[in-house]
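Lettered A, B, C, D, E and F in written order, each chain numbered from 1.
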Amino acid sequence: MKDQNISELGTSGTAQGFYIVKSIEVRKSKNGSYFANLTLSDKTGELNAKIWDAEEKLQNVFEPGSLVKVRGELSLWKSNLQLTIKKIRKTEAEDGIDMEDFVQSAPESFESMYGEVISYLEGMVDQDIKRLAGYLLEKAKDKLSYYPAAKSNHHAIRCGLLYHTLTMLRVGEKIASVYEKIDRDLLYAGVIVHDLAKTVEMESNEMGIVSDYTREGKLLGHIIQGITDIEKAGEFLDTPKETVLLLKHMILSHHYEPEFGSPRKPMIPEAELLHYLDMIDARMYDFFNNLDKTEEGEFTERVWTLDNRQIYKRVAKKGRKNNEK
Amino acid sequence: MKDQNISELGTSGTAQGFYIVKSIEVRKSKNGSYFANLTLSDKTGELNAKIWDAEEKLQNVFEPGSLVKVRGELSLWKSNLQLTIKKIRKTEAEDGIDMEDFVQSAPESFESMYGEVISYLEGMVDQDIKRLAGYLLEKAKDKLSYYPAAKSNHHAIRCGLLYHTLTMLRVGEKIASVYEKIDRDLLYAGVIVHDLAKTVEMESNEMGIVSDYTREGKLLGHIIQGITDIEKAGEFLDTPKETVLLLKHMILSHHYEPEFGSPRKPMIPEAELLHYLDMIDARMYDFFNNLDKTEEGEFTERVWTLDNRQIYKRVAKKGRKNNEK
Amino acid sequence: MKDQNISELGTSGTAQGFYIVKSIEVRKSKNGSYFANLTLSDKTGELNAKIWDAEEKLQNVFEPGSLVKVRGELSLWKSNLQLTIKKIRKTEAEDGIDMEDFVQSAPESFESMYGEVISYLEGMVDQDIKRLAGYLLEKAKDKLSYYPAAKSNHHAIRCGLLYHTLTMLRVGEKIASVYEKIDRDLLYAGVIVHDLAKTVEMESNEMGIVSDYTREGKLLGHIIQGITDIEKAGEFLDTPKETVLLLKHMILSHHYEPEFGSPRKPMIPEAELLHYLDMIDARMYDFFNNLDKTEEGEFTERVWTLDNRQIYKRVAKKGRKNNEK
Amino acid sequence: MKDQNISELGTSGTAQGFYIVKSIEVRKSKNGSYFANLTLSDKTGELNAKIWDAEEKLQNVFEPGSLVKVRGELSLWKSNLQLTIKKIRKTEAEDGIDMEDFVQSAPESFESMYGEVISYLEGMVDQDIKRLAGYLLEKAKDKLSYYPAAKSNHHAIRCGLLYHTLTMLRVGEKIASVYEKIDRDLLYAGVIVHDLAKTVEMESNEMGIVSDYTREGKLLGHIIQGITDIEKAGEFLDTPKETVLLLKHMILSHHYEPEFGSPRKPMIPEAELLHYLDMIDARMYDFFNNLDKTEEGEFTERVWTLDNRQIYKRVAKKGRKNNEK
Amino acid sequence: MKDQNISELGTSGTAQGFYIVKSIEVRKSKNGSYFANLTLSDKTGELNAKIWDAEEKLQNVFEPGSLVKVRGELSLWKSNLQLTIKKIRKTEAEDGIDMEDFVQSAPESFESMYGEVISYLEGMVDQDIKRLAGYLLEKAKDKLSYYPAAKSNHHAIRCGLLYHTLTMLRVGEKIASVYEKIDRDLLYAGVIVHDLAKTVEMESNEMGIVSDYTREGKLLGHIIQGITDIEKAGEFLDTPKETVLLLKHMILSHHYEPEFGSPRKPMIPEAELLHYLDMIDARMYDFFNNLDKTEEGEFTERVWTLDNRQIYKRVAKKGRKNNEK
Amino acid sequence: MKDQNISELGTSGTAQGFYIVKSIEVRKSKNGSYFANLTLSDKTGELNAKIWDAEEKLQNVFEPGSLVKVRGELSLWKSNLQLTIKKIRKTEAEDGIDMEDFVQSAPESFESMYGEVISYLEGMVDQDIKRLAGYLLEKAKDKLSYYPAAKSNHHAIRCGLLYHTLTMLRVGEKIASVYEKIDRDLLYAGVIVHDLAKTVEMESNEMGIVSDYTREGKLLGHIIQGITDIEKAGEFLDTPKETVLLLKHMILSHHYEPEFGSPRKPMIPEAELLHYLDMIDARMYDFFNNLDKTEEGEFTERVWTLDNRQIYKRVAKKGRKNNEK
């Protein structure tokens, strides 16, 4: 029997393949027996799976992040694909499997993305802000090579944090070409630094799978942590106070609303724009990520990260290429 | 004595010039006498002016939109410039004055802007949506040659509605080059059509000065009016139902929040993006419009259109050109 | 064994009868087996039913709206009656069963109700508004003969939409006799038209059972659709603009709050009153519908359509007839 | 010179007449002198008036509720009529003026209205609730002969509280004839009692002019006071506990929302209906009270008691009588 | 086999002991069988327990408040201890068990606590308020000997209502020693009376276990009931009106926010302080009650009574005694 | 003529004395002339004063914080005392006036208060937290000798920040004696540090008069600044990370609600209590500060800092001393 990628699976019959355990939870059912609820993933997508009559200890055997070989029966459950696992084991050396090939990652390589971010840095005219942003970026470099941008929201994929940052830089550059009064140095620095403290807020393994928020993350959050990091870096590098102050303000205000963690609203145009860059990139990701799994002419289920909206996949017109101009 | 533009005025002494009456209100003061409160404007800015011991009928003599010759004394009032008018009269033929030279207008000409919007239309692949958007644009063409985008919010200048639309198209084009799955035809059509019904919602003279909202504007609003316009145009042009439906949805949802007039949130990515294009363009306008009147290192007063925020004008670094790259 | 109406059922023992499947959902239980959760109904009420160890395909066999013969065991579950189905089959010609006899419908016949609505129309003095409301009513006539007023809220019964409309007309007539300045023509037209677009917003079969909201319903909603319908009808009939405008405003504002779909609050007394007629009729229906199933001196469970309130059934006094005067 | 009613006044020229001082406030103007701002009223309406260069003590001379003879100059101020008072004196015995003739009162006599309320009481079947409501009504009878329903909101006219109550009874009777399950005794008792404690909450003179809220009114409010009154009356009359409880619940919940003073929402249908009767009567009063002062085709200014809406007076059609049927 | 207290139980193996049934609910599982979900408690804590394959009638056999002997198997379920019951029976005379020994109660005896509350009463200078508060306290004395302060929130233990009251008095005394202008008589009376009507709002057995809210509790709530009690007591004792009014205001406002049941905010300092005493005592109870069950360095699950926060148990420093000074 | 303290002034006649200019604003009146609006203060209170027909430059002559000699006429304006200034000059050396004698200050001396705060520090058992709090306190010592706690809210008096802190420590000590599990070291450190960054957020002169918020204050606020200060001090002193983290969390959460500046709610009991200490001290100050100026049996005007409540001054009972026990 041939191994299959998740995207190749049908909606019934037997399936087999290597997948990553993204999450696993053993629960007791109403009749007293145990079952395991898993999220499996590979490069091509995610899949819900169940093990009925499971043992409680399974949870510790196939911990999140482990690569497993699985066989089971496919079925549709409320129009979602589900795999009832019949066999499961961990991969072994003999399988000759490379973890990297199974992780859902940003669509560009870390090296290429990091390099492109560096090129934005290098284009900066203001040496102080360049040094400050560069210093903070460099410190987070290792973690950026695998951290996702979130536990389960937008860009929750390997290297998603860097990918999110880079896309925002690209869009920021475009928009700044229309609104020419925008200070690009400040905008780019804000983008580069805005979510760096997510690497402290969350615990992620090298596959980009987040197990939980850290103690610091729960008690303070990445906005507050990011601000103290900027403050300390600015002091270390002797950055002009105004520069440090503006960057701290940009981080503080980038969630825009108090109830989303920003006690101040943006008071400079670069902070205002930073917020919209962040929103647009998150929303475009979530929209297309959900539409990719939907049929034309259909609505998705309610999407939590999109304020519980159902979203709609339009019917494409025959013979049309959408994006020609 | 030489006539002066508003931007050339000092903060004291006598001033003289031709200005447009943007608004005038005669009020009774606490001691029973009347005074007139005017907003004067020319191409270079706006100016508050007072006529003390005025007559009640002044209001009808110098109605909004009229071009007047004025002489008076300048003073600073709570750090705002104020002109105490000593002499005022309407312009006469002999003055040889061309109204056009005094109106604050969009920074590009109507012809050039309209032409550029047309070029976005012409690039569309989907002939149905092209015809629909083109039809609605054409019908509003005359009014677009002078309508502002608002009574007193962002882009409240002559031809501001078209300028706002065009800037959104430019930014939309840029962003769509990053998020390639965006359907450009739909996005551009949404941008072109999104505020057209403001020409029905508000009463504007040819100088782009809005006297009031119309009865239709108050009872329904431009979103509802825009939607019925699309519906009727779609029926007239026999546009595919899906196309009409999506465009109506984009208009309906572009204010995003129910309390701002949108009973539905965006359910397609083009509608989501349309909202952000609108927000960014409005916000950038308001930010820079306010910062232009502010000293470096200072905060503005609270700005009503920016959620009552005070905004801050950063201290520019010596020898730096912000926007070089 | 005798067939029983739902209202005749006891709380235990075996039960048998013909019922309509109002909804059916096959779910997988925690132990991996399937069960079906059904809502059965007849003229006299609704009943929850379960089929344990069901097959997945059941869902397609006994689809909503089908008339079935059922036998099973009754029990009380959290003080709600529940039927555990042992036998179930579709009705056949030989059963000699008339669907009509099993559908929970408005308490008056379509013909009689429609006739009474027409009599309100005929009493109108303003011929324009009479023609406009009559035209829209006529177009919806077929669907009004079975459409409910909602998927699961108030008046979710066959012909419930027309019944809701008629009751509002009756109450409106009464109230207008106290507040004599109310324009009855406008009020009645508003009532007749206010929910007509629900026939486009929802998909209902001829038994008045709604399967889902339509694409138009989700992307626009019945308020927006109703407004464009009025606009087009007004144009077709050459109705005076003021009349069309007021009617559109009434539809737009009848949900009163932006978060319930009305971007404008009522600005004319007839629109204000229309809102209260709608609320009162919906609330009285929901109150008595719930109290009918409750014992005296008891509270209901929390009722979703009544803002999650528990409501109370007062203890009736012996020998009293409540409604004598 | 002839005395004029307020409704007869033009918009300029000299005016003279007897009016009631509804409110008076002496203020210091920005130049240090004093002026008095008065609201004058008679049976036909209200009028804003000013005394320039007033003395501070005026406030004590022409206190609210006093009847004065006035002469002055009329003018339009922001489309509101204003009287600049030149002469003012208190009425004297010789004027032969009867205060009653000048007070804006409910459109029906106290005796007739009170009698009609009694007839609702007498029709009650439940003797306990009849006795309870009757007892509370009787205790408030004297004050009902002049108390308004509010300081400045709806029904702020002499005997307005009783008029508001009676209209609600009339509408309640009509609605109960459609929803026959409504317990009329309970509904009528709720209406009669619902605002009685406003006579304790506010301080009103016999002209129905409220000077202020009482200490009890500020610290507790009429809902809480009404409830303790019912409790004590019920104990005194030995009313069945269930009856007292339901009536207290109706009073407690009749403002519907916590932020408007109701910690509980209605849990019985009569309480639900009581709320809507209250809303409808208040709103119809405010709508028509404002429209009476507005031209056809025009909007009012924003009306505070109507959630700051502008309301619209429709253009009547020629030859139409609105309320014929 | 030895009987064990709940606090002595391990996390696996067999357990046996006498416990009180705090709640029991028999539910139908997804496969059609029944199981019982119980909360067991003794003096040392609470324990979740399950009976699989239960009979429906169990619910009536082991009703809340009954003392049972139980044997079963322990396991950890989502880090919560759970007992799978194998044997269960009611206690019998022969068991020689005293109910009192098993009830989770306030940490001090009723007599001692009541006596201390009386001593606060006796210290009052104002004889009127002393008599009023004393009268109301005396009437509730019996119920105070076992009533909890809540069904499931803070102080939901036997005699918890009195304990909550006493702790508030102690804290109130301390705070009043810093803010000397506080009227202690009024403050203490407010504390003593503030929740007395909870004895009418809830139905509790003598073990302090609440089965439900009463009809009065649901339709009115303890704030409204407490106010009418004060009113009637004040009338009976001929207490000065100002005193009664202030005390009623304190009860009315002590929940502070309309949406939590207080239509008025505190208008006297003693009412303001009463609110904070109530909050502090409730919050300290909930914080420490939850932290007691948590490991150092860990967060709790989300706690409903603490606005769904997770709370954190700090890592204690070696060799430190926290509360020395 | 004798100089008078503000508290000694009558309500009419001539008054003379030395006062501090707390604020001054020259405004243009509606008739074009200027007048100055001043707040004068001395140790005994504040007084509104006016200079009619003022010159614009006055604002710069008598700037805030200057000590002036004044003569003028007293009057009551809307029940507030007002001084119409006839003569005003700055104090001179010859006046022999000591500024200190005129400033409204905390009721205890800086030295005594600072010493008492130090004694709380010295009692700490945890040397790390003692060092950290001590270090931050020491750095702010100079400013604490005059900084108020706010620009115009509670404790807006000289040395008010330290006084607020000390009172909170006293109350905190009392409450911790009832809830013994509270970690006093952490609580005291939180209190001491919680508002220190207000010395950076606001610009105050040595008289404790705040001219404005600083740039840092507007862009970040004292909560964010306080957190970075703790972080840097902790790094400098090598304080254990857990200690620094908890203290940062306490500062972050002490305003409790996001819309008041706290993105996190308290997650440890000491943070919860810190919030209530802060609230109680602010509220008691505002209550008594307002009641001191109010007659018995009267309500204040609406007080902005108390959520716009009117507050009530109870009628004291004859012969009663409130605070005896």
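What we mean here is this: a residue touches a chain if its C-beta (ideal position, glycine included) is under 8 Å from a C-beta of that chain, and two chains touch if they have at least 3 such contacts.
If you're wondering where the values come from, they're calculated on a predicted model, not measured in any experiment.
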item	value
Given subunit C and subunit F, the chains that contact each of them	A, B, D, E
Path length in the contact graph (subunit B to subunit E, fewest steps)	2
Chain separated most widely from subunit E, comparing mean CA positions	B
Subunit B and subunit C, separation of their C-alpha mean positions in angstrom	46
Chain centre separation (subunit B, subunit D; CA means) in Å	44
In subunit E, residues with contacts to at least two other chains	29-31, 215, 218-219, 246, 267, 299, 310, 312
Pairwise chain contacts, counting only pairs that touch as defined	A-B, A-C, A-E, A-F, B-C, B-D, B-F, C-D, C-E, D-E, D-F, E-F
Complex interface listing, subunit C residues touching subunit D	123, 125-126, 167, 170-171, 174-186, 240, 242, 246, 265-269, 272-273, 276, 279-280, 283-284, 287-288, 291, 299, 307, 309-312, 314-315, 317, 320-325
Parts of subunit E lying in touch with subunit C, wherever the complex brings them together	28-32, 56, 215, 218-219
Touching residues (chain side subunit B, partner subunit C) in the complex	215-216, 218-221, 223-224, 227-228, 231-232, 235, 245-246, 248-249, 252, 257-259, 261-264, 267
Interface residues, subunit F side, partner subunit D - complex	27, 29-31, 33, 35, 50, 52, 75, 77, 84, 297, 299, 310, 312
